[in-house]
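In the two complexes that follow, subunit A is the common piece, with subunit B as its partner first and subunit C second.
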Partner chain A sequence: MALFAVFQTTFLLTLLSLRTHQSEVLAEHLPLTPEALKVSVNSAQQCLHLQWTVHNLPYNQEFKMIFQIQISRTETSNVIWMGNYSTTMKRNETVHWSWESELPLECAAHFVRIRSVVDDARFPEWNFWSSWSSWQEVNVQDSTGQDTLFVFPKDKLVEEGSNITICYISGNIQNDISCYLEGEQIHGEQLDPHVSTFKLENVPFIRKGGTNIYCEEKQRKAISNGTVLFVSKVLEEPKDFSCETRDFKTLICTWDPGANTALDWSKQPSQSYTLFESYSGKKKHCEEKNRCNWQITQDSQEIYNFTLITENYLRKRSVNLLFNLTHRVHPMSPFSVQFENISATSAVMTWKVHSLGDYFTLLCQVELHGEGKMIQHNVSVKANGKYLLNELEPNTEYVAQVHCADDNHFWKWSEWSGRDFTTPEAAPSEAPDVWRTMKSGSHNVTLFWKPLSKFHANGKILFYNVAVENLDKPSRLEHRSIPAPANSTELTLDGCSYQIRVTASNSAGASPAAVIVVSAAPGNKEIEEEIIEGTEDGFSMSWKPQSGDVMGYVVEWCDRPQDPLCDFQWKKLGPNTTSTVISSDAFRPGVQYNFRIYELSTKRIAHLLERKTGYTRELAPSDNPHVVTNNLTSHSFTLSWKNYSTKSQPAFIRGYHVYLKSKEEQCQPGAEKAVLPDDTVCCQYKIDNPEQKTFTVENLKPESFYEFLVTPHTSFSEGPSGTFTKVRTPDEYPYMLVHVIVPVVICVVLLVCGCLLKSQWMKDKCYPDIPDPYKSSVLSLIKSKENPHRTIMSISDCIPDAIEVVNKQEGSKIQSLGTRKSLTEPELTKLSYLYLLPTEKNYSGPGPCICFENYTYNQAASDCASCGHAPVSPEAPPSQWGLLTSSENLLKALEKNYMNSLGEIPAGETTLNYVSQLASPMSGDKDSLSTNALVPPPCSEYKMQMAVPLCLASPPPTENSDLSSITLLGPSEHYR
Partner chain B sequence: MKVLAAGVVPLLLVLHWKHGAGSPLPITPGNGTCATRHPCHSNLMNQIRNQLAQLNGSANALFILYYTAQGEPFPNNLDKLCGPNVTDFPPFHANGTEKAKLVELYRVIAYLGASLGNITRDQKLLNPSALSLHSKLNATADVLRGLLSNVLCRLCSKYHVAHVDVAYGPDTSGKDVFQKKKLGCQLLGKYKQVIAVVAQAF
Partner chain C sequence: MDMSWDSWGMLACLCTVLWHLPAVPALNRTGDPGPGPSIQKTYDLTRYLEHQLRSLAGTYLNYLGPPFNEPDFNPPRLGADTLPRATVNLEVWRSLNDKLRLTQNYEAYSHLLCYLRGLNRQAATAELRHSLAHFCTSLQGLLGSIAGVMATLGYPLPQPLPGTEPTWTPGPAHSDFLQKMDDFWLLKELQTWLWRSAKDFNRLKKKMQPPAAAVTLHLEAHGF
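Here is the complex of A and B:
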């Protein structure tokens, strides 16, 4: 015990002495100020890396210490950050510490100092702060020229949505500088006269090539500098991470990588993906962005714990997946899909699967697609699959496919494997729907049938067989084969009853027969047509059965009654049906549809039961009838529109309205006043019978104007308000006048005719001929008895003293004063000529020359040289007329010109022609005709004879004067 | 001596096309002997003219492709960012003798070739998806290379000039991205301006 007490005392004293010594040692080297502080800069990271040591630590053992760090900006007094850093260190050990600045380090000078304290419970007496180390200055951008501008940070990589501070340093404080981010000005604050900072919050991703930030000096109007901010998209956590195996050899892991965070300028590559499995401790770098293959080892590892790690320069993310391998089996697609024993209604489908081992059973799903339907069946399969597909349709194309999954732990279906096949044809299963039409009064029957539906046809219908059997007398069965797709045939029968059987055939056989009987006596009595109302959905109709024993009913109609082909339709109904709705997509409003309802007896004979007609919707008549007015009298007229067809109208015509406008205020009996849409008032006559197409308007006033309009009306509207037609009633008296005047005129005409027939008699009676003295009997007596030389005085023996020239309307005569010859003496009479000159302006040939030897007018021609043969040239310019002031000049000019026109007929060589006044030039002297080689078209015009005075021979000299139309007159003896 | 001269010319050419080969080539006396590896083409001046016309015809399209690919503010601030104020660009005097013009043209092409190489390198990194720009830059560099060879041939064969002192633009490899974009734009703006004058002068 005593020994223990001594040992304890000794230990305590030793410990105390050691402690005292330690305190003395520490006290000797205090303070423990950090020394050898070094500051390095990472501009890209905007980090200050500090390293220091504490030399004064006693002993070579670890001390737990706290370092307090102060960082100032711009000047030491501006402390922007202060913090503690705890670590354990030994004496002379170098401590490292980093600080990241939000402001680019180039933007301002930074100052750092450190002090320390021992934070070790073993040495509580040293638990006090040392003195600060001296300030350590960090100045990255130490030289700024007068005209330089810098923007920091340079080419920094940041994440989208982060906040960043930029700054510019300007050498010239006078410059007004504005900074922009992709063209949009940013606003900041001034750090010192040379430096401004800009805090950008939530920076956007603009392009992989970086976001341009630039600063413009307003005074210099120059963009001196800028920087590019590389904004990366935020790295996303991989989605839908999943792993599976298809063969128990390889695990395939897939995921959705999300956005690619790669940046241009090699600032950041695409994010990388690494697969780590924790149980095996294996890691694999994935080559692809969205999938990675992991080799399954043969060590029977069932549970896998995968971590998918993705990272880029800015961020790292990971997702975890724990699973049992046998629960992630995705079988490979089945193969060798085959069909066996394909019949019209069944087939056997076989396939193979990739084996996954003896313990695995696959659930396979068979899908059969055909005819727009899909049927599914499930089959359990070990290695080979087989399934009977039944209830198939003949002649149908099917697609059958199969996919499989793990039956024990369903994970995923495999991909589909499939093939198509077609079932063979079978005989049509149903008789075609047959109906007929019969032309009244003949034995022509047209058979119609509807094509069988695909369901009943069971293949392609090749032809229809029609067998006709005479029911009244035994005869050979008549067969007829009609190739498809015909849907009708015409039969000419006699007056007997026939049974007609129609079958449809395909390559596999014939359908059951459709039987119809055509009766010898159709017995279609006249049945009144009933009007029914249709709707947009069709026509609803019902009928009354006539006999209780019927096979059914048939309703027939035409879908397009206005077309010649009519598009004949029918609908067969059961025996217990007495009403139906007939609808068709072809029905149109305003078209009248006629329906016939037949009753089919048990002997398959059809009897017409009822007739219906109607419109799905009646429309207002679009046209008024074309009305003709007849029997117009002074008191009435009749209107007629017999060509107006009521059947082809867009509604049932219920009658007509006749509107009559007149000056009379009161309407006639049978009419009533009506106000038209244009507010005019007129009289309206109503005709309620649509077949009455004439109407007589009576009790009218003579010599009055009336206007009428006939318009049809239906049950709900009438025809368009067209144009009124005007009618004027005649006077009453003209009829009386006709009755009196016509007989009188006839009498007068008869009287005149009688007079004409008896004209000789009348002449003899009223004005007999004066006797010719030469032929007088008295003369003969004198001649023979008294003086044989004695005769009547001849006028030619007389010598006239003077000749008086008389101008007459029908001809002028100018007589030469020098002539002494008697004009009545035929042999001495000189010829007078009248030339009819051509009136065509461009006529160049000789004019037709007709010379009239005119005894009747008793005129003598003077000189043939001045006869009208003097030609006129049509080419004479109109201006020449103005120069012809005397008749001589005129004649000279005219003669000259006309000579040119007549050419070969000189004036002096004119031939004398004796021509009858009534003779045509062609019948004249042949010599004369031969002289004129160019004979114009015959002209026998006999111009009105009129003497033209000399002063009138020259027409007024107008520019439009036409020479060719001038008739030449000589100084004398020229006649027209 | 001939062997030495024959070896210098290809070496000179190789050095010209080294990206960012900064320092000028050593100046050699103008009266040095000259020999070309291959005989010059008979209608060399025609070829030079055609090449200049080809460059002049495509310069504007290249300029547009370049500044469009750089993003804002380049397309809308051409005067502030892409002005042709390249201070050390070799001078060219259109009214000089043919020899003087060819010597100056040689310097211009050498300068442009080096700068275009820098731009092509930078743009392939900065805008890897701007394929049409890359294609245009490569095509222009190809023509410049051929033109340089022809000019040298002409100088050598007719004027016996074996060496021409050349200078290159600043090396942009150490510049930040914005400066690279800007310097490239300025260079191409200057190129567009100068090549028009040069093409007219020949």
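Here is the complex of A and C:
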């Protein structure tokens, strides 16, 4: 047994070794190494196309074989890819296989070799790898030794978002090279000293003209070469692919094509679209990008299976659509839409449809648009459609339209077909809303009515009819027709009760009448006004319900109370309503609105129930009252603002605040200290009665300044902080003086009167009469002793020979004031003398003269002791002056005199000076003056004006001589 | 006395000038205008085309994208050697006779127009196509205008040698990038040619103008 086992093992081992040996022999004798390996290149595709054969395959039958392929780059040892390719082949059959390179094939040399193995269960003995074929080199671009830079791939077409590798081959170029993509530098890796590669990932679509990639030598800064990468948008699958027929002749297929993938430079046209129908096997190239028409043949094909194929150079996509033709009927729009029997409330609409065959029924939908409303009706139609449109409004424009769809298998509505029409007018359906206002104390009634709504007017209102009927005594109805669009009329009635009926009429008829009764007794008793609070939304008000039969209530108001027309409004309410909200777009904050609530009796007579007033929102008063100060005394004054109207204010005036500023720190009783917005402290008096428009400020100090401000206040604010008005309290003393002085004056007057009455007594006591020399006892004594002819000279006997007229001009005055030197100049001497000469022409001797110049109170003038002056012509030569002014004293005296006279007498005036010569004291210079012959002798002291002889040395005045000159009077003879 | 004689002399001269004025060819509007107006017209057309090209080149280079629309882009003239060169040595340019000057212009624009039509075939946008077509028409007008000037001056039009007709069919090795560079050079060369033509026709214009000053001098000589 053991021997048998050993034998068996030995036999098996021998057999195994024999088999191995046989295989080795087969391998040696049947080499299955691929032969005739040919490699071709598709540069654009970056593909290596390999083809080979295996000559040594036994038998002429197919073998399942595996080929192992190795691809090396740059050098054979650098295997970059190895893979198996399984196929079945016969002996000598050529096998084709392609490999796509990531790197452009121009960038580097590639080497390919193949070995094979029979992978066939029938021939397990051949299941061993053949030896490798020899390396096959693929060298697309031989750039060695060239001075040109190449960039690959050339003009490559890729899809957006794909990854691509580019390279440049620099050849003999030694400079550094930089590459850019649309101006942005890209960085790569060096494959060998002359080749660099750049991997671009997720390339974007930039333009149809391609993305420029270029390289330049850094030193030269000149672009050496580049390539254009044509990036196509990704071809999208057609969306919303759908087919339908409108006439059973043509199928219209539509879709959304998505982005156009066309590129310029003939790189890629727009994607194409092809329709393929699988049942018929027909295909159609579509001219348009989003639709295609398919002719329906007469072979009554019902089911269609369409495939829409779209493709460009890079991609192919398709969508499928399977449908029954009868389920994809999209009827054409109806036609011949007509309206028949159009009345105010109804019309008949008719239309026609395109026939789809006897078996087809269409569902049509009629839509009626009018007055902002839309009504829809469905109608089943074979060929002609008809529908009654009712419940229409009179005088209304309607648009009716219809569209249809397949009633059996709804697919799509057709387009709308429609027309418009207008219903004729009908009589107004409702009476106008009428109300009235009555002027108190007169029988004038103004009727107001609101225009009927379009819904109730049923047409254009042409006029309103007003019929007035006297209820108290039978009389004819008074009719009045008021053309629209008037909304009021005025009626003058007498003291009777009247029923007024108002109707509105259009072309179709009149409306029901609105009836209102104007009572003889208005009965508008005085009703107190109630203040109500309004809001932005209006005024909410309520009233007490009335017992008895009430038809309703009416609230009336004015939307614009400030306007004379006031925009009268009213609101009618039902009998069970006792509250309402009155709102209006016209309501404005700060405007006081007054409301009257009337009760309408069953007899349609209105009675005033309540009055309300309020603001939607009270505003702060914008003005302060104009205040007048009255009764100003040293201790009080009264403020009055009676012109201030509380009604026209933007809020209910609740009272006033009187602010008083003074130097006093304490406020008077009744006042409070208040701090103003400007932080000043003052006293505040509060007046809570808005109708109290006067206020007396008391307990003031005399001769003190006070400032006051009166401002209204409402429930929430007060008027603006305006300027304070100043008041000064007067002094107390004038009053006292009046009380003292008046009695004193009266006393004095009485005393004077008394004195006057006793004048003679007073005269005798105070200033007795001067004794008359004629009557003097002394005279009688003289007469008897000395000269019986001597008489006392009477003044009336004196003949005046000269009147001194002093003429002083302004210029001379000014000059004399300016400088004394000018006084010596003759032209400035403006003293004028009017000589009153004796009546006798030949009179030349010394005569009496009257001198009106008074030097009595002039010390200097008195030095001359003479009232005589010689008139000197201004043209007088200086020699003459020399004569005249030989005495310096005299000259000085004259100067002083002129100075005084010029200074005292107003310029330009000519003055006659009459001065009594009561006292003319002689000066001490009298002697010196007497030495000058021309100087008149000194005058004696006289108590009275005396007649003096004409001055001896005075030259006669010439006609031309200026009277303004120094006059030296001649020596006068003085009589005692 | 001398002054008076001089005044009479001047008046006589003036009268003589006025008498002879209608006989001066340059001022005689009723006679043959000569090549002057057509040269002026051609000159104006070059200026107009220059302006038009400025706009077209901006649009087209933007269409090509960077770096072709960059202001300092100056690519090597790789494939543009077939384009007629406008640049010429100044002395050579000065020494050109009228016939040669006009012939060079005519030949250059003939070639450039042909290339430009190739450009039109590649442009995809309708707006660009329209602009190119418009410019081609204008350039065709310029060619006609130059031909008119040549005909006026009695110069024959240059006949293209058979087989030398320029074509716009780049070889398979000609990449789109190089094509874009050629387009750039085409526009640039076209612009240079328009500048040169403006100078050429300006020179011709001046040359063809009748020497008015000489006429005056001549008349003066007659007068005195």
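Heads up, the rule we're going with is that the second predicted complex is superposed on the first by the 631 of 976 C-alpha atoms of A that agree within 3 Å, B and C clash if a C-alpha of one lies under 4 Å from a C-alpha of the other, contacts with A are read in each partner's own complex, and residues count from 1 in each chain.
Methods note: contacts are C-beta pairs under 8 Å (C-beta built on N, C-alpha and C of every residue); 3 or more make two chains touch, one makes a residue touch a chain.
These numbers were taken from a predicted model, which means no experiment stands behind them.
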After lining both complexes up on subunit A, report clash or fit for subunit B versus subunit C. clash
Quick one: is A:Gly183 in contact with subunit B, with subunit C, with both, or with neither? Answer first, second, both or neither. both
First (subunit B), second (subunit C), both or neither touched by A:Tyr656: neither
With the two structures laid over each other on chain A, which partner does A:Tyr273 touch: subunit B (first), subunit C (second), both, or neither? neither
Which of the two partners, first being subunit B and second being subunit C, lies in contact with A:Asn225: first, second, both, or neither? both
Looking at A:Arg207, would you say it contacts subunit B, subunit C, both, or neither? Reply first, second, both or neither. both
Once the shared chain is lined up, is A:Tyr398 touching subunit B (first), subunit C (second), both, or neither of them? neither
So subunit A touches subunit B in one structure and subunit C in the other; where do those two contact lists coincide? 151, 154-155, 180, 182-183, 206-214, 222-223, 225-228, 264-266
Applying the document's contact rule, which stretches of subunit C touch subunit A when the two form their complex? 63-68, 70, 73-76, 122-125, 175-180
Sites on subunit A touched by subunit B in the complex: 151, 154-155, 180, 182-183, 206-214, 216, 221-223, 225-228, 264-266
For a test of understanding, state which residues of subunit A touch subunit C in their complex under the given definition. 151, 154-155, 180, 182-183, 206-214, 222-228, 230, 262, 264-267
Sites on subunit B touched by subunit A in the complex: 69-74, 76-77, 80-81, 125-129, 176-179, 181-182
